Amino acid sequence: MKLHPAKLLFLQILVAVAALALWQIGATVPIGGDFLLPEFFFSKPGDVLSRVVELFVTGTIWKHLWITLTETVLAFIIGSVGGVVIGFWFARKPVVAAVFDPYVKMVNALPRVVLAPIFMLWLGLGIWSKVALGVTLVFFIVFFNVYQGVKEVSPVVLANARMMGMNERQLFRNVYWPSAMSWMFSSLHTAVGFALVGAVVGEYLGSAAGLGYLIHQAEGVFDVTGVFAGMFILAAFVLVIDWFVTRVEKRLLVWRPQAASEQN
Amino acid sequence: MNAAARATTAEAPHAGASLAVALDDIAISFAVKGRPVFNAVAPTSLHVREGEFVAIVGPTGCGKSTLLNATAGLLAPAGGTVSIFGEKLVGLNARAGYLFQQDALMPWKTALDNVAIALEIGGMRRADAVAQAQDWLKRVGLARFTERYPHELSGGQRKRVALAQMLIRQPKILLMDEPFGPLDAQTRQIMGTLLLRLWAQDRKAVLFVTHDLEEAIALSDRVVIMSAGPEARIIGDFPIDLARPRDAAEIRLDPRFHELHRMIWSQLKAEVAKTYGDDMNGLEASS
Amino acid sequence: EIEKPNLTLGVGGKPLLYYLPLTLAERLGYFKDEGLTVEINDFGGGSKSLQALIGGSVDAVTGAYEHTIRMQDKKQDIRAVIDLGRYPGIVVGVSKRKADTIKSVADLKGAKIGVTAPGSSTYILVQYLMMKNGMSPDDASFIGVGSGASAVAAMQKGEIDAISHLDPVISKLQDMGELTVLVDTRTTAGTEAVFGGQNPAAVLYLKESFIKANPNTVQALTNAFYKTLKWLEKATPEEVAATVPQEYWLGDKDLYIKAFNASRESYSPDGNINEASMKSALNLIATTDPKIDPAKIDLSKTFDGSFLAKAKGQ
Amino acid sequence: MKLHPAKLLFLQILVAVAALALWQIGATVPIGGDFLLPEFFFSKPGDVLSRVVELFVTGTIWKHLWITLTETVLAFIIGSVGGVVIGFWFARKPVVAAVFDPYVKMVNALPRVVLAPIFMLWLGLGIWSKVALGVTLVFFIVFFNVYQGVKEVSPVVLANARMMGMNERQLFRNVYWPSAMSWMFSSLHTAVGFALVGAVVGEYLGSAAGLGYLIHQAEGVFDVTGVFAGMFILAAFVLVIDWFVTRVEKRLLVWRPQAASEQN
Amino acid sequence: MNAAARATTAEAPHAGASLAVALDDIAISFAVKGRPVFNAVAPTSLHVREGEFVAIVGPTGCGKSTLLNATAGLLAPAGGTVSIFGEKLVGLNARAGYLFQQDALMPWKTALDNVAIALEIGGMRRADAVAQAQDWLKRVGLARFTERYPHELSGGQRKRVALAQMLIRQPKILLMDEPFGPLDAQTRQIMGTLLLRLWAQDRKAVLFVTHDLEEAIALSDRVVIMSAGPEARIIGDFPIDLARPRDAAEIRLDPRFHELHRMIWSQLKAEVAKTYGDDMNGLEASS
C-alpha cells in the first residue's frame, strides 16, 4: 500500500491539473448559456498563475508575505502553547474545568470578526491585533483536544506511574504529555490553517500590509485575479508551515507502532 | 458473615511482630451500570508482617487483583481499613511497588528508560539511573533489548521489564500480580530466585498473586486462599514451614513440599468446584 | 514645525472611488511635499476605521461626515477639517427585471432592497427616501449584500429587486446592463433632487484633541488634500486613471473611466462644508434614527474650517 | 473531587458575577485617567443585560434567533457528517489520503470571509450560503480529528476483529467508529462554537436576518450595547447546543472506564 | 543454516496426510529503528496436519507469537511460504481463529456482544447469535458476567471471553497464544477438556502456545520446541503417543506422560540455559 514518492507526486500533480482544467472549462465553456464559474467571480487559472508569478517577480509580495508569516507563526505558537497549558490545567483540575466549562464554550462561539475592533483598541494596528485574532481560533482547537487527550491516558499506565511515586510535574512530563501528544498534533494540523485564517482576516479588517491587505485591496475593485492569486499564495504557504509541524510530530512520536491502517 | 470472615482471618503467626500491611474487615464493591452493586470482596482481613512473603491463590475472578489494588491505595474499600506499617492508608501507598497484571509500561519510553525513570523520579542523576537500569535489565535477561519500545518486545519480555522497573526502586512492600505468568518454567525459576534474594536482603513484605500453587509454596512464608467470588473472602491460611534459604527448583523435591501442596490443593479444588457449580452446568468439570 | 510627521491614516476601502482623493494625494506625493509620512491602513469598513480612530490606533480618517455627528451623540469629539466629497455618491437602482414595476422610489414598497450593510449610509439613504415618500422603512425588506462582488452576484441572481450602493458596484451593474437608476447622488442634479443642496460625504476627520495638540500637522494634511482637490478639479479622466494603481481599474480601463465620469461631480471642488449642507446631513440622520435628537447636536463642532481657510490662502 | 451540582452552579455564578463586576469597574472607574474598558467599545454590563431583556420582551429577537439556529444546526450537522465520512475514508485509503493531503490543508487555510461572495453567488443570500460558511469551519475540525482517531485504533483489537472475518463495513461499525468516537466528540465540542461563528459571519457579510445581521446593524450605528447583547445571546445559545452534544456523547460512550483523572 | 533448519523441520509424522498449515522455510525479521534488522525467526519449517493438535513451547521471547502471527497472515514473513490447506496464504488467514496473547476484546462491547458479534458478522440473526453466545459464556464459566464491559472483568475472565469469542465461530484452524495463562490450575484443566472435546468433533488443526509443558503434553499430538532467539528455529519435535480421548487431569498420572515430560524438559532446559548464557551473567541460574 505504501506509495512510491515519485508516483505519489505524480498523482498529486494529476489532481492539481484536473482541478485547474475543470476551473478553466467552467470559466470559459458556457453550459446551457451560463458559465459555471463566471470569470467575473472566479477569474481564470492562467491569469491567476501569471499574477502569482508577477507578484513574485516584481517582488511586491515579499513584504506582505513576511508580515503574514510572522503573524501566523506567532498566532500558532501562542495559541497552541496556551491551548496546551490551559488544556492540561483543566484536565488535571476537574473542579476548575467544571466551573469554567460553560464560559470557555461561550467565548469560543463569539464571532472573531466582531472582536477585531477590540483587539485593535488593545493591541494597536500592528501585527499583534492580527496575532490575537489568530490566537482566538488556534487556542480553542488545541485546547479541546489536549483536554480530551489528557483524559484518554491509559488508566493502567497512569496507575503504574503514580505507584512509582511520580509527582504531578513528573506525571505531566512522563505520562500525560506523551500520551496526549497525538491528540495535540492532530489539533495542530487543523490549527495551522486557522492561524493563517486568523491573521488574514485580521489584516482584511484593518491593516496596511500583509496578504489579507492585498486580498482586501483586490476585492474592493473586483480584481478577482488578485484575490485568487492571494489565496493561492496563502494556501501554498500553509503547506510549508504544516511540513514543519509534521516533521516535529514524526520526531516526537517515534515510539509509536505503525498505525494499524498503514500496515500491509 | 462478619464473624465467619473473622474466623478465617489470615493472621500473621506471630501477631506481636510489626505489621507491614493490615487489611481489616475490608470489603470492596463495584458499581455496575443498571445492575445491583457487585460486592467483589466481602469483609475479610489479611495481615502481612514486615519481611513476610505471602502468596495469594484463588480461582480466577475471585478478587486477588482487587485486594492488591486496595493495598496499593488505588481502590477505596467500601468498608474496613487498610493500614501500612501501622498507619491508616490515605491516598496512594507510597511504600509499595506494584507489578500490575496488565501491561503498564509507558509505550513512549524504551525498556531502558522505562526502568531508569523509576530512579530518576527519586532525584537520581540520569547517568547513574541508566547505569543501574542497564544492570537490572541484564538481571532479567534483557541486556540486548534495552533500546526497544514496549510494542517491540514479546509479552514475557515486557513483563520482565516491568519487574525490573518495580524492583529497582527497592520498595518496602512488593505487590505482585501474576508476575511470572507469561514466562516459561525455566525463566520463572530464575526470576523466583532473583526475587527471593532481593527479598532476603532487607525484610521486604511481599504480596504475591499466582495461579501456580507450586510456585506459591516454593517462594512464600504463607499461602492464603481466597474463596470464589462474589463476596470473596480469605478462607485458608497455610504457613509454609520449609527451611530458608530455598532453591526454587530443589525445594520441589522436598517431601514436606508435597505434603503442603496436597493439603492446600485439596482446599483450593473444592473452592474452584464451587465456582463452576453455579456457572458451568454446561460442562462436566473433569477433575 | 510639524509636530508629528509620521501619521497613520485609516480608511474603509481605499480603492473605492468614494475615497479617490486619498489615493491621489498619496500617488501624487502631496503628503511628502508637506513633510508628512502617511501610513494608510485599510479597514473592513467605515465604522471600523472610526473605531480605530477612537481607540487611538490611527490619527486621522477619511470617512463619512455623518460620523462626526453621530460621535457627538456618543460624546466623542471628532471634527472634519476638509470635505472631499460633497455628494453622498450613493445610487439607488432597480434590477432590469423589475424596471417595469418599480419606476420611482414610491414603488419600492414591498421590494427587497440590497444595501452594503444594515445600518450603513446606503441603508439610511433608502430609508430617508422612503420616509420622504410617505412610507415607513418597514415597508421594504433590507438585505445586506456586502460591498464587493457579492453585491453584483445578488443582483445578477435576482435575489434583490433594488439596490442602494456605491461605485464600483453601481458602474459594474450598469455596465452589465443589470441596473436602472432611480436616484443618483453622485451628480449635482440627483443630490439636489433628494436634499435640495449638498450633503457632504467623504471628509477628513480627526479627534479634537489631536487637532489641538498638532495644529501644524493637521494643517499640512489639509494642505495636501486641498492641493489634491484642486488637481482633481482640472484633471482629465485619463490622467486620473494613470495616477491610480492599475489594479484599481476594475479590470478594464474604459469601465474605470466611465465610473469616474459618473462620480466626477461628487468630488468637492474646494473642500468646504457650508451650514446648509451640515443641516441637510443632520436631517438625514435624525429622520432615520429616532435616537438622535437634532437639538442636542452642535453642528459647529463637526467641522473646523480654519485649516481649510489657511490652505486656501497659500 | 466530584463537585456537588449546587455548589458547582454557585461557583459558576460566582465567576459570572466576578466577570461582570470587573467589566463594570473597567467601564466606569478610570485608572490613571484612562478607562480600561471604555464604554464606547464595551458598553456597560447593566446596559447590555437590559438590552438583552428588551430584545426578548419585545420579541424582535425570535425571528433572528430562529434563523441563526437553523443555520448553525445545519452547518454543524452537515459539516460534522462530512468530516466523519471523509475522515474515515481518508484514514482507510492511505493512497487517497496521501494524494489529497496537501489540498485539504490548502483549502483549510483559505480565509472564509473571502469565500463569502462565492457562496452567495452559488447559494444565494438565504440561509444556505451561511450554512456553507459554517460547514467550511466545522468540516475541517471534525475531519482532522476523525482521521487521526481512526489511525489510533488499537492494533490488537483491530487484528482480532479482522481475524474474526469482519469486512470493511463491519470493521467500520464495530471497531473504527466506536474507537474514533471520543476523538470525534472532542472535535464536536470545538465545532459547535465554530458552526455558530460561521453562520454569524455569513449573516454579517450579507443577509436579511439573523443574529449576525442584528450585530452588524448595531455596529453600523455604533451601538456597542446592541453588539454585546447580540454576542451574549450567541454565547448563551451555543451552550444549549453543546448540552445536546454532551448528552449524545454520554450515551454513546457508556462503555468507557471513568477517565483516570476523575477517579479519586 | 538452511540445511540445519531442514534437518529439524517439524514434520507431520504421516507426511502423506493433507496439511492444514505448512510453514516452509519461513524467516521473520523486524526493522528496529537505528539498529540492524532483528531476525527473530530464522528460516524454519513447521507442518500441521488436518486434525492435528500441535503445542509450541520455547523460552520467553523466542518467537512463538511471531510464528502464530505469520500463520494468521498478520505478519508477512521475510522469506519462505505459508500454505493453508495446500494454498499459498495471501493476506489474512480466513480459516483460522486466533486467540491473542494480549487483551483483544472490543472495549465498547459487553462480554455477550463481544462473543455474539463473532457470529453476527457471518450473517446470523442477532437473537440466535446472542443465544449461542450466552451458551458459550456459560461454558467458560461467565454466565453471570454477560453484561460486563471488558474493563469490568478480571484478567482471567477477559481471557475466557476471548476464548468463547474464538471458539464460537468453530474455525478449522485454531491459533492459541497462551490461552490459559491467567487462569488457575483447576480452571485450566476444565478449559483444556472443553477445548479437547471441540477439537475432537471435526478434526480441527490446533497450534497451541504455552509455557506449561505438562499442559502441552496433556493436550497435544506433538510438542514442538523452539530455540532461543534471535534466529529462533524449531529444534525439537516430540510426538505424544498417549491414548485418546484423554482426561486432562488423569493423564498426568500415566508413566508415559512422565517419560515424555522428562525427555522434552531436558532439551528445553538446555535451550533456556542458552538464552541466559548471554544475558544473565549477573545472575547464577539456579537450576
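Lettered A, B, C, D and E in written order, each chain numbered from 1.
What we mean here is this: a residue touches a chain if its C-beta (ideal position, glycine included) is under 8 Å from a C-beta of that chain, and two chains touch if they have at least 3 such contacts.
The chain lineup, named per UniProt: A, D = NitT/TauT family transport system permease protein; B, E = NitT/TauT family transport system ATP-binding protein.
None of these values were measured; they are calculated from a predicted model.
Participant: If each step moves to a chain the current one touches, what is the fewest number of steps from subunit A to subunit B?
Facilitator: 1
Participant: Applying the touch definition from the top, give me the chains sitting in contact with each of subunit C and subunit D.
Facilitator: A
Participant: Name the chain pair with more contacting C-beta pairs, choosing from A-C and D-E.
Facilitator: Between A-C and D-E, the larger count of C-beta pairs in contact belongs to A-C.
Participant: So, what's the distance in Å between the C-alpha centres of subunit D and subunit A?
Facilitator: 16
Participant: Rounded to a whole Å, what is the gap between the Cα centroids of subunit A and subunit C?
Facilitator: Between these chains, centre-to-centre, one finds 37 Å.
Participant: Just the number, please: Cα centre separation of subunit D and subunit E in whole Å.
Facilitator: Computed from C-alpha means, the inter-chain centre distance equals 50 Å.
Participant: Would you mind pulling out the distance in Å between where the CA atoms of subunit A average out and where those of subunit E do?
Facilitator: 49
Participant: Two-or-more-chain contact residues of subunit B, please, as numbers and ranges.
Facilitator: 102-103
Participant: Please set out, as single numbers or ranges, the residues of subunit C touching at least two other chains.
Facilitator: In subunit C, 51, 55, 148-149, 153 touch at least two other chains.
Participant: Of all residues in subunit A, which are in touch with two or more distinct other chains?
Facilitator: 41, 113, 117, 121, 159, 204, 219, 257
Participant: Which of the residues in subunit C come into contact with subunit D in the complex?
Facilitator: Those in contact with subunit D are residues 47, 50-51, 54-55, 70-71, 74, 76, 112, 117-120, 123, 141-146, 148-150, 153-154, 157, 159-160, 289.
Participant: Subunit E touches which residues of subunit B in the complex?
Facilitator: 30, 32, 34-35, 57-61, 65-66, 101-103, 135, 138-139, 141-145, 147-148, 152-157, 160, 178, 181-190, 193-194, 211-213, 247-249, 268-269, 272-273, 275-276, 278-283, 285-287
Participant: Under the stated contact criterion, what part of subunit A meets subunit B in this complex?
Facilitator: Where subunit A meets subunit B, its residues are 156-157, 159-167, 170, 174-175, 178-179, 181, 255-257.
Participant: Can you check the complex and tell me which residues of subunit B touch subunit A?
Facilitator: 72, 74, 92-94, 96-98, 100, 102-110, 117-118, 121-122, 149, 151, 162, 165, 169
Participant: Subunit A touches which residues of subunit C in the complex?
Facilitator: Those in contact with subunit A are residues 8, 10, 13-16, 39-44, 48-49, 51-52, 55-58, 147-149, 152-153, 168, 172, 247-251.
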